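Each of the two complexes below includes subunit A, the first together with subunit B, the second together with subunit C.
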Partner chain A sequence: MTAARIGLPTALMHSYYRSFWKPFFEELGLEVIETGPTTKAILNKGIRYSVPEICAPMKIYTGHVLELLDQGVDWIYIPRFVSIRKGDVFCPKFLGLPDMLKHTIPDLTSKMVTHHLNVKHENIACMKEYLEIGKLFTSNYRKIKNAVQTGRKKWLEFRKYCVLERYNCQTANGKVFTGKPALQSDLPIKIGVIGYVYNVYDDILGMDIISRLYKLGANTVTFEMLEQGEIDRQLRGYKKRLFWAFSNKLLASAHQFFRDATIDGIIHVTAFGCGPDSFLGKILEINFSQSPKPFMTVRVDEHTGESHLQTRVEAFIDMIAKSKNFKE
Partner chain B sequence: MKLTFPYMGSTIIYQKLLQLLDHEVIMPPRPTQRTINLGVKYSPEFACFPYKVLLGSYIESLELGADTIITSGGHGPCRAGLYSEIHLKTLRNLGYHVDMIVFDDIYHYPKLFLERLRMIKNHKSFLQLIRAIYTSYQLAHAIDSLQKFMEIKQAYELEQGAFAKAFEIMRQKFAKAANTVKDVQCLQREGEMLFSSIPVHEPPESQKVRIGIVGEIYVVIESSINTGIAALLNKLGCEVTRSLYVSEWVDHALPRFIKKSDTAIIKNSKKYMEMGIGGHEIHNIGHMIHYKEQGFDGIVHLMPFACLPELITQSLIPKISIDLDMPILTLAIDEQSGAANTLTRLEAFVDLVRNHKLQKAG
Partner chain C sequence: MKTYLGIDVGSVSTNIIALNEASEVLSSKYIRTNGQPMECIKNAMKEIARDLQNLEVAGVGTTGSGRQLAGIITGADIIKNEITAHATAAIHFYPDTRTIFEIGGQDSKIILIKNGMIVDFAMNTVCAAGTGSFLDHQAERLKVPIEQFGELALTSTKDTRIAGRCTVFAESDMIAKQQFGFSKGDIIKGLCEALVRNYINNLGRGKTLTPPYLFQGGVAANVGIIAAFKKELRHEIIIPRYYNVMGAIGAALLAKDYLEKNGYQTRFSGFEITDVNFVPKTFDCNGCPNACEVIEVTREDTVIARWGDKCGKWTNEISYSPPGYLTEAACS
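Entry: the complex of A and B
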């Protein structure tokens, strides 16, 4: 008997939790199918099934789900992210995502594996949330527990690379799964990049901005490198934080990046039509209007051209390089 | 302290409340294109449309001399709960000396809530405060009940504008003379009599067209920014019922134990949406189903451009429309929505609804 195949849409939170999900489902005896980097074809599928005004990350996720259906997998895992920190929630679109997909994509319902992820810690690998999922595939409790533990170990390893060794989400996944170390060399410039993992590391939206910067002589730091405790410390001054877990992570890392004297400039990568980022952006604009540190917002959507991004990034790095030379 | 407040629906309700407590009140002017332009100018591009209108409206009130804004808070998951924070930051950044009294959820911040209450109570006693709140609450219900009546019968008025005129007369009377619950009741009866005396020509049942309106609260309630959609539909000969009125919004905000519940309506939405996602979506979906059950002929779904939860609702609508066998039109409202444009789309929609009704009958 061949193993049942479960598809993980390689979009939205996938790169942040891949190191948990993949081993978890494999330990349960399933074959895991990932859709890989977003392609034009995947994007176009998503566009066809989405309302035009919805943000590109949602269209892209929809595209990955359709791609999995086309590949004929048996199951598709579509979690509903509700909360990963007490008091924080997810963007309303995440809260409604499984409902939206179920009612817009025909034939999805019978294949969809979904549940609420509502935990107090960003380490989502716990029996409370995954026992029910495991039970869909085995009645062996120990096997499920084992799968959760294996997954958790991998995910913690992933986080360790991010926090302790300054890997970003993408390179840390590379390290965990293939042992490949991140490219790191002494570059003259350091840039803080603020953006959700599904924007920064998506091939179509982020257009590999991290490597682009690297080629231009800039190392990057991202929010993944901050631990949750550090995030909360940075936000202590706020009477009211933002409501959304990852938006708060971005806000906190922005604070840290503005404070850190070794960081030369900050780039905010955001999707057109992003609601949470509209407020995050305004807060940054006002709170740091006095800061001399260069700050730039890059808005991306499915139509953004590569040359546009390249030009802006080049100009930004150019300016920083010049002012650095000037100082020295 | 010169108080002002967000412009939403019949503003005399808030005005009344604050005046009964002896506050000096600066009435926010009814939003115009200028209000909207001001708001747009100082807001992030992808901020919600209600956020932009309110910002513009605050600026206009501040220009008139207000120095303190009373508003509600919240804690997500949608953006509305952050409006006050970002508004205040923006206004101060623009150089206005302004304070905000924000009423956050009594459950999350009970101490703060009481403190705020004490601030607006002024020198009055708590008993007087409660009386003032109760009076304004009744006032909200009275005005809404007249408005509901109007949005149905106006479709059949013989003399165009008769209802609007009568409503305006009543509004002014309420503003002037409704100082106790008894006043409110008297005026409501007077209003009902006045409305009933307006000549109408009602067609036979089979030719009536009933439209239900659902959507994001601000654009559903505030006629100055939804291009007066209820009146437009009335003009096209349709009866209109909205899913939300100010008084009901107040009911929603009430503590759970005194809240009137519409759980039955919300329960219906489960099939399409498992949980509330921050706006009024489950309420809206529940109402769509409820409209169907009550024999309505069509539904208009209003959403601010790029509204997060309503985009999800919009995604569900094709399916809901098929399941309910009911035409549903989504209209996105933003700074460019003009009455002329909306009217064209509504005309086409009403034609569709009438045909659909005929087909079903035949």
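Entry: the complex of A and C
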């Protein structure tokens, strides 16, 4: 008997939780199909099925789901992220994601595997949430428990690379799955990049901004490198935090990056039409407009041209390089 | 005579200037690109060669959205983004400047300067409402030659507020105002003010704009816009003598500086290139679902450069690497 195939759309939170999901489903005896980096073909599929006003990351996710349907997988895992920290929730688009997809893609309903993810910690690998998913594929409780544990171990390994060895989401996945170490060299400039993983590491939206910066002589740091305790510490000064889990992580990382004297400049990568980021952007503007540290917002969507991004990134690095030479 | 060339290739205009060793402008050309950047570059180079006798090119810099292409065919020593280039020229002529407004045909920028260095910038390439193309379009609609557009604005003594968050609104509001019997002068004045207001609100958001103000780019020829700037800022603004070719001047200055600092010789391909047949073309790669649009330039049947591919499958085959610059820079 060949194993049933379950598809994981390689978009939205996938890169952050891949190291849990993939081994988890594999331990359950399923074959895991991933869609890989977003291509123009995937994007176009997504655009065709999405309402025009929705943010680009959601269009891209839709494209990946359609791609999996075209590949004829048996199941597609589409969790409903509700919360990963007490008091924080996810952006409403995440809350409605499974319903939105069911209504836009009628063929999906019978294949969709979904559940609420409503936990108190960003480590989502727990029996409370994944027992019901496991039960869809096996009646063996120990097998499910074992799958969760295997996945959890991998995910913790992933987080360890991020937090202790300063890997970013993409390079940490590379390290966990293929053992490939991250490119690291002593570059003269260090840039803090603030952005959701599905913007920064998406081939179409982020346009490889991390390697662009690298080629221009800049290392980067990102929010994944901070652990939750550090995030909460950075936000202690707020009477009221933002509502959204990852927006809070970004806000905290901004505080950390502005404080860290070794960081030369900060780039905020955001998607057009992102509700949470319009709050985040305003807060950054209010809190840091007096800071001497260079700050730039790069707003991207599915139409953004590469030359626009390249020009701005180049000018940003030129500006920093020049003022650094001047100081030395 | 030693000369440095600066070339700024935009989608609306292509500008070439020649500097002498003292960084003075010897000659400048401003030509409409008309979708023919290659021809434009060649023609402007021919004109420069005709203008200046016994000139010896000691360095070339390119900038603008077509900088990659221009750099490849001329053998540029440096290929720079237009923000750095514009600021370099502005600081060269006005070392004390603090704020640069640049409005060109296809995009607009605000660059903030402190101690002769860029400290912040914003750039708009998405929306046409704050650019020269928008003004051209409106001039056409009102049947006023663009050259007289600015002067007409000055004839109006009324305050006409055109709602202009975006082109579409501005246009419908304009039509309404026309029907109410406002004169063309009133409407153009209102339009200039709307453009400046939006430009400052959008690009200057959250930034402190400090004088001395510099206004450059093709639109700086428009006296109506200049008046609107003065009104909005309640302050004088400086229009540099070479306002419409500042990007090209910056590119030449950067090339000169780069070569002098490193003691390199120029890689300039010579004026012969104006007789060489360069053919740019694009094709869609079908190697994977990315379907990249690859741009290829051939010189007399040999491919000299390719870019635009995501994976490097096409670029890697040819190695063109100007010193001090990365070939990876996208230019699409």
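Everything that follows uses one rule, which is that the second predicted complex is superposed on the first by the 328 of 328 C-alpha atoms of A that agree within 3 Å, B and C clash if a C-alpha of one lies under 4 Å from a C-alpha of the other, contacts with A are read in each partner's own complex, and residues count from 1 in each chain.
As a convention for this text, contacts are C-beta pairs under 8 Å (C-beta built on N, C-alpha and C of every residue); 3 or more make two chains touch, one makes a residue touch a chain.
In this text, all values refer to a predicted model and were calculated from it rather than measured experimentally.
Superposition of the two complexes onto subunit A shows subunit B and subunit C fitting side by side, with no clash. Of the two partner chains placed by superposition, only subunit B is touched by A:99; subunit C is not. When the shared chain is aligned, no partner comes close enough to touch A:48: not subunit B, not subunit C.
Touch criterion met: A:242 reaches subunit B, while subunit C stays clear of it.
In the superposition on chain A, A:39 contacts subunit C only, with no contact to subunit B. Ranking subunit B and subunit C by residues of subunit A touched puts B first. Of the two partner chains placed by superposition, only subunit C is touched by A:215; subunit B is not. Contacts of A:324 after superposition: neither subunit B nor subunit C is touched.
In the superposition on chain A, A:128 makes contact with neither subunit B nor subunit C. In this overlay, which is a superposition and not a single complex, subunit B and subunit C have their closest Cα atoms 7 Å apart. Of the residues of subunit A, those at positions 289 touch subunit B in one of the two structures and subunit C in the other.
Across the complex, subunit B meets subunit A through its residues 43-48, 73, 75-79, 81-82, 85-86, 89-90, 93, 272-275, 277-279, 281, 305-309, 311-312, 314-316, 318-320, 332. By the touch criterion stated above, subunit A contacts subunit C in their complex at residues 39-42, 203, 212, 215-216, 285, 289, 292, 294-296, 305-312, 314-315, 318-319, 322-323, 326. Those residues of subunit C that touch subunit A in the complex are listed here as 65, 80-84, 115, 117-121, 123, 125-126, 205-207, 288-291, 310, 326, 328-332.
Interface residues of subunit A, counted against subunit B in their complex, comprise 50-51, 53-54, 80, 82, 89-93, 95-100, 103-104, 116, 239-240, 242-244, 272-279, 281-283, 286, 289.
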